[in-house]
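A single structure is presented below for examination.
Going in written order, the chains are labelled A, B, C and D, and every chain counts its residues from 1.
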Amino acid sequence: MFSIENITNSFHNWLSSVLSETLVMLVEMGLIAIAAIALFAVLGLVLVYMERKVAAVIQIRLGPNRVGPMGIFQTSADTLKLVLKEGFMPNNVDKFLYKLAPFVVMITAMLILAPIPFAKGFQIWDINIGVFYITAISSISVIGILMAGWASNNKYSLLGAMRSGAQIVSYELSAGMAVLSIIVLTGSLNLNEIIESQRNGWWIFKGHIPALIAFVIYIIAVTAETNRAPFDMAEAESELTGGFHTEYAGMRFALFFLAEYINIFIVCAIGATLFFGGWMPFHIGNWEGFNHVMDFIPSFVWFFGKTFFLIFLIMWFRWTFPRLRIDQLLNLEWKYLLPISMFNLLLMTVIAIKGWHF
Amino acid sequence: MFEEVATSKEGEQIINVGPQHPATHGVLHLIITLNGETIVNLEPNLGYIHRSIEKMCESLSYRQFIYTTSRMDYLAAHINNHACALTVEKAMQIEIPERAEVIRILVSELTRIASHELWWGAMAMDLGALSPFFYAFREREVITDIMEETCGARLTMNYMVPGGVMADIHPNFVKRVKDFIIQFKSRIDEYDQLVTGNIIFQNRMKNVGILSKEDAISYGTTGPTARGSGVSCDIRKIYPYSIYGKLQFDEVLETAGDSFARYLVRVKEMKQSISIIEQLIDNIPEGDFQAKTKAVLKLPKGEFYQRVETPRGELGVYIVSEGGTTPYRIKFRSPGFSNLSALNHMIKGHKIGDLVAVMGTLDLVIPDIDR
Amino acid sequence: MSFLKTYITEVYGAVKSLLTGMKLTGYYFTHPKEIITEEYPDNRLTLKMADRFRGEVVMKHDDNNEHACTGCSACELACPNGTIKIINKFEINAEGKKKKAIDAFVYHLELCTMCNLCIEACPTDAIKMAQTFEHSVYDRRLLTKQLNLPGSKIREGVE
Amino acid sequence: MGNEELILKLKEVFPEMDCVQGNDWPELSFGSDRLIDVITYLKQTPELAFDYLFCETCVDWKTHFNMVYHLDSTRYRHNVVLKVKTDREKPEIASLAHVYRTAEQHEREIFDLFGIVFLGHPNLKRIMLTEEWVGYPLRKDYEDPINIIKL
């Protein structure tokens, strides 16, 4: 059976046989950094292409189809254009913060990649507080957005950044609640253990209706957290002409753009891990035969399949719904999502204590 | 205007929306005073596309000046031309053949639907839903194709001449219009599913930009903007011109006066226009499409005013003639100009996001405002 | 309790309205045959413009390189933008009489708004609207055209 | 109220003014000093109720300006046209911005393009042209060799 775990293990063994322990660690760290950056770039290209195609088909048009077959090199060409563009900086901006902001946003997105198990035994950092680490780090990206909005010295940018701040801070709550309701069931913050607990079925099926509600709340909250339509208040093209990145051009803009898509990937990966069992194949209870057949599909296919399904869901939202107004956005969080998710968490706790889940 | 910027109060900031801004659909410049996200004051600054069409028309003959009015409200070019042709015909007392009248009304109503389609798509796009724009353009495309076949152009077609229309309808016209009616009726429900019924959309529109009946009259608003506030002002109904007096259709009135009411008026008006087309499409009388007129038109000395209903409201054409071949003075009373003046009143105290919703339902066409 | 009931109906109605919209966009996503894009430069061969489409003004010439323009400048007068300039010359015809004829029918495409008034005004039906529409050029002087072909003359019998 | 009835009524109330039947509607002509009186009467008399100013414009007659007001009544659906003569050397007229709010923007446009000063207007400044523009383009004697192309 094909498994990435075997490849990485044999590579590690080979390295250990030729190099000393410290050097092995350094070499592996370097390789991981390169792999992470490569993953970053590839994901960015793939997701932007996917977004454009999904949008096109929903909007009864063809989408990119000129560069390469089916237009698959369109996003590469766009990136090339952005790299070659002049790094234009307006007068009177706060130069240090202006330059720093895109990196803050991007590095935050990269940091969260660390504890995500991409396949069975394929993980950068197996940390025992994985979920906690992710929720903690993901809040930092708002600082980058605020920085960008403030440093741009543009009123539109400032408004966009302030909106983003209010929005991310409030939606963290219900996203956290939704994540907690799964933690209550598993009793562990370690992502690997959470996946392992779904060996006999995914939590979205095992956890009855509360798990379903938690999932819906999670999807809404993370859509808001990643500043995606219908919650794209920070950018709000028709109101703020671009929000916090109005004044950014060239590669600096591209970093914001890329970080947005990486953030989507990350939140969807976490959603897939918590609710759909990450790389865990589709198992039903103790049907040994069926489960065995499912195991033949490699684990990374399962992981990426689930993640991309969730990404598609978020894209589907974007191309269907109008945007909310800022006060309605906060109303939705504080009057609807937060009470519902609190009640839902309570219900989940009862289920966990009584052991009513499968 | 710019001195005031410096004297704004503590805690207030001034933002320039436009002349290049995605929501203003053209080169409208709004100077907005904001307190946080709340709009304290709004002042439009016009003229970025002012071409002084009124002055231009003073040197054009009565046949020539009609085409320039297409460039005012370019989404309702045919209806603008209709107003001009009606004024000239009224002044010269030209009898128009029945067939020409019917063709004019058919094309006018198709134009009205096309204009409302574009408004619907663009307004949904302003509110952040991008897909409805493409669905609206799918239907609009059918209309522009019909126009292209019969009138020779898609948008500014100049199909109107004093005394009738420029050419007879194309042999395919009746069939294609009937096909369009069938297609449109099957699609109009999708609009309701996608936008009208959507909870986010309703929350964005309801109780936003309220214009009371008294204010609507005082601000001189017309068209769907006034009818959303319960003011009966459909010129086709109250001062019928052409053959509108003989047709069966309802004047759509809503009383709430908010953005959603204005939205509903426009969507329902599309259905009314379809019913007008249905009444006429099978009963196009035989005959000439153009009355015999002299090559050079000379209006008698006097003043002539004609009011017509464009998709945006009442368009008035006021011609002062000295008896020559060119107008002495011409004034276009454009619907957008007076509708825009109510914007400051409607938007005060709302959020900046509401500005987009209110401006969307006013359906401003900037060349129409600036002329 | 009634508060809770309205709360739940509100949430239910909201979710339902959102799902209705998603169903519609989902329908279009799963039915790619609804796509209406016309791939313009690729479909040049099959693209057929409507026969009344106004692309530019051209002068009709027959096989003998003869046109019907008498140089009466009715079109020049009818044009609102000064698009047309007619330069006349005097020819001496077979009977030895001086006769007016066009030397050049100058047409400024860059000023033309395709309003069709010149074609309406023409008493001899000498000009018409062509259905071409790809008018972009790199030099705007190329947009000033002479419509009568070199060496062409007026058809016999056209007054 | 029909046009004939309206003319009789107006002749009775304003005997010194010239009231004739125009092409569509009754036309009342008077000098600029009486504008506010007439408008107040027309708007506030219950059986007239001219509450809707649908067109306000100006005509340059070279010797004088004529302000033209088109009034409509949303209750009775009758119309009247007011023609107010103003001086050309010192064009001044009372503003209607406090009576009909739509007049505010229309009067700014007329001020911009004709140069008529509206007394009591809350915000009288150029609306279409820039602040530093010289001259009033819609006047008959306006010459601008750069922007006006004569064909």
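Quick note on the criterion: contacts are C-beta pairs under 8 Å (C-beta built on N, C-alpha and C of every residue); 3 or more make two chains touch, one makes a residue touch a chain.
Keep in mind it's a predicted model, so treat the numbers as computed, not measured.
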Chain centroid nearest the full-protein CA centroid: B
Between A-C and B-C, the pair joined by more C-beta contacts: B-C
Distance from subunit C to subunit B - Cα centre to Cα centre, in angstrom: 24
Computed distance of Cα centres, subunit D from subunit C, in Å: 41
Whole-Å gap between the CA centroids of subunit A and subunit C: 51
Distance between chain centroids, defined by C-alpha means - subunit A, subunit D (Å): 63
Touching two or more other chains - residues of subunit D: 151
Sequence positions of subunit C contacting 2 or more other chains: 18, 21, 24-25, 28, 36
Subunit A, residues touching no fewer than two other chains: 58-61, 319-321
Residues of subunit B defined as touching subunit C within the complex: 60, 63-65, 67-68, 131, 138, 141, 145, 148-153, 156, 158, 161, 166-167, 170, 190, 193-195, 197-200, 202, 295
Parts of subunit C lying in touch with subunit A, wherever the complex brings them together: 11, 18, 21-22, 24-26, 28-29, 32, 34-37, 39
Complex contact set, residues of subunit A against subunit B: 55, 58-61, 155-156, 159, 163, 229-230, 232, 236-241, 319-328
Of subunit C, residues touching subunit B in the complex: 13-14, 17-18, 20-21, 23-25, 28, 36, 49-54, 74, 78-80, 113-117, 120-121, 129
Residues of subunit A touching subunit C in the complex: 54, 57-62, 316-317, 319-321, 336, 340
